[in-house]
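A, B and C are the chain letters, set down in written order, and residue numbers restart from 1 in every chain.
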């Protein structure tokens, strides 16, 4: 295992009564943002809990910032900012109290940046946490994590419940973190539009397994929807890397995950349209494809 | 050397130099008001916009907008481009997308990347003009294609072009 | 003690400040009422007793079970500490939070007995054992709360300990070697006293060290 990676998971296994995370291998390099995408119950939160030391794996290895998890989590967490949408601050204290609390624990606290974020996120330090709306609460937790300037940010659904303006502010802050090529972010999200925009790498997870992991631009380049009109009586030869095929009389719609100029040439004159696919479409097609392969 | 209470005077056209300087100091930890530097850099590149609802991929949109600025002369030959990470932060777009745009622009010969120093607008005489000419050829090719689909004759198409020129002159 | 530990213990005091202050005040009020005489003595002592016991239960429940339920546990665990650190800091912090009112109210009761002429000093051994019982009882509830996430088990523990109080008051109070000397003008520290105190101390040591060996070793925390 190389010491430079920020997150390294090797063949991690975690079994619960009704769900098992199987053979999960994941890498996050410094200076990267990884988007972690999967349906509900796929194992995103479990994977993230394994990364942050809340859970211990049944098998496999986990290293975060070079530290073995969960054994060395006290050391690792000095430099990790972990935010989950399930996390709650102490209701009977103010945001200001929390800011002082965190500032006294972490030497990296940037008071000036914290003040900027308070303004930008439209929060009030004098306000009691119990009085915050769910969106404001998420922003407060993120503020506490961001203002510490941690090397690694692990975020579980950071933008859930946020209005578009807040989301925009947040994405802007995340990208700002990445100006430092020694810092990195891993975030799980249902918001495929945001994931598509800011991620360098994307990992798809479904039913406890990692089904695909690649550079974002690689995904966007490899996947296409091709519409063909076959001449009467003609059939399409067997094609490799076909994710799905829908026939509608003469018209055939193919989905491929290995698009190339050669493929286009091979398909010939019948091709009427070649469409790029959004990350959301790629995600859904990928999940369906893998479920078919596994006979589910 | 920037000091805490220096006010950066930002003038258009000089923006790239100022922003690059601020960004260099920021990454060295010498600029303490992060809001100031971010604001500077954002306002320098705020003209570049990436739409996710546009059919064209993000990296292509970036390339086009950079080419446009070079063609217009706003980004003259030899001028330093924003660093990949700075532009990514300013546009809220992934680093990998900016990297790809810069790579493709370099392959086209529009920019030049010097290892460890950054990327610069290629110092090719008439580059701006070349880009403009490429653009007009693209548009004419598209028009010709549509003309064929509509079944227009060569004269019809020429007539339409003349009409369009007259409309532009009138404005 | 490092900064994080200090801050987290201070946090326990801060978050439960009204509970701590309120219980101390209520318990002292009970003692003042008890000082006034016969019937008032019973009422006052009941108030004092209930306050200490209830305070212990509420503190343990709020600080642990609620932390888990309210998901502030995830926030605390995101700090640079291990699960073992969390358990150890929790034990120390919540013990200290309890000790402050407990010490004040125990000292208050002892002072009341020693000072008031109408209260024989023979009550002192019994009073000391009672205060010791409250401390042992609290550490039992605390230990249970750290080991189980089940609301059912905690409810059982609370009901059992409540019954235990009643049993203690009547059974231990009824022990002849103690009972005989309750009304003496001077306190009698006999072997029965030391035995009961010893059992309380042992309970305290076991219930406070168990988390260090069991709960702290847990690998999954959620």
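Keep this in mind: a contact is a pair of C-beta atoms (placed from the backbone, for glycine too) under 8 Å apart; a residue touches a chain by one contact, two chains touch by 3 or more.
Quick caveat: nothing in here was measured; it's all calculated off a predicted structure.
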Joint neighbours of chain C and chain B, given as chain labels: A
Identity of the most central chain, Cα criterion: A
Where chain B and chain C are represented by their mean Cα positions, the distance between them in whole Å: 70
Separation of chain A from chain C, taking each centre as the mean of its C-alpha atoms, in whole Å: 47
Whole-Å separation of chain centres (CA-atom averages), chain A against chain B: 29
Parts of chain A lying in touch with chain B, wherever the complex brings them together: 31-33, 112-113, 116, 168, 171-172, 175-176, 178-181, 193, 196-201, 215-217, 220, 276
Touching residues on chain B, where the partner in the complex is chain A: 23, 26-27, 32-35, 38, 50, 52, 55, 57-59, 85-86, 88-89, 91-97, 100
Footprint of chain A on chain C - complex, ascending: 3-4, 7, 11, 14-15, 70-72, 74-75, 77-83, 85, 219-222
Parts of chain A lying in touch with chain C, wherever the complex brings them together: 49, 52-56, 70, 73-78, 80-84, 86-93, 97, 101, 104-106, 141
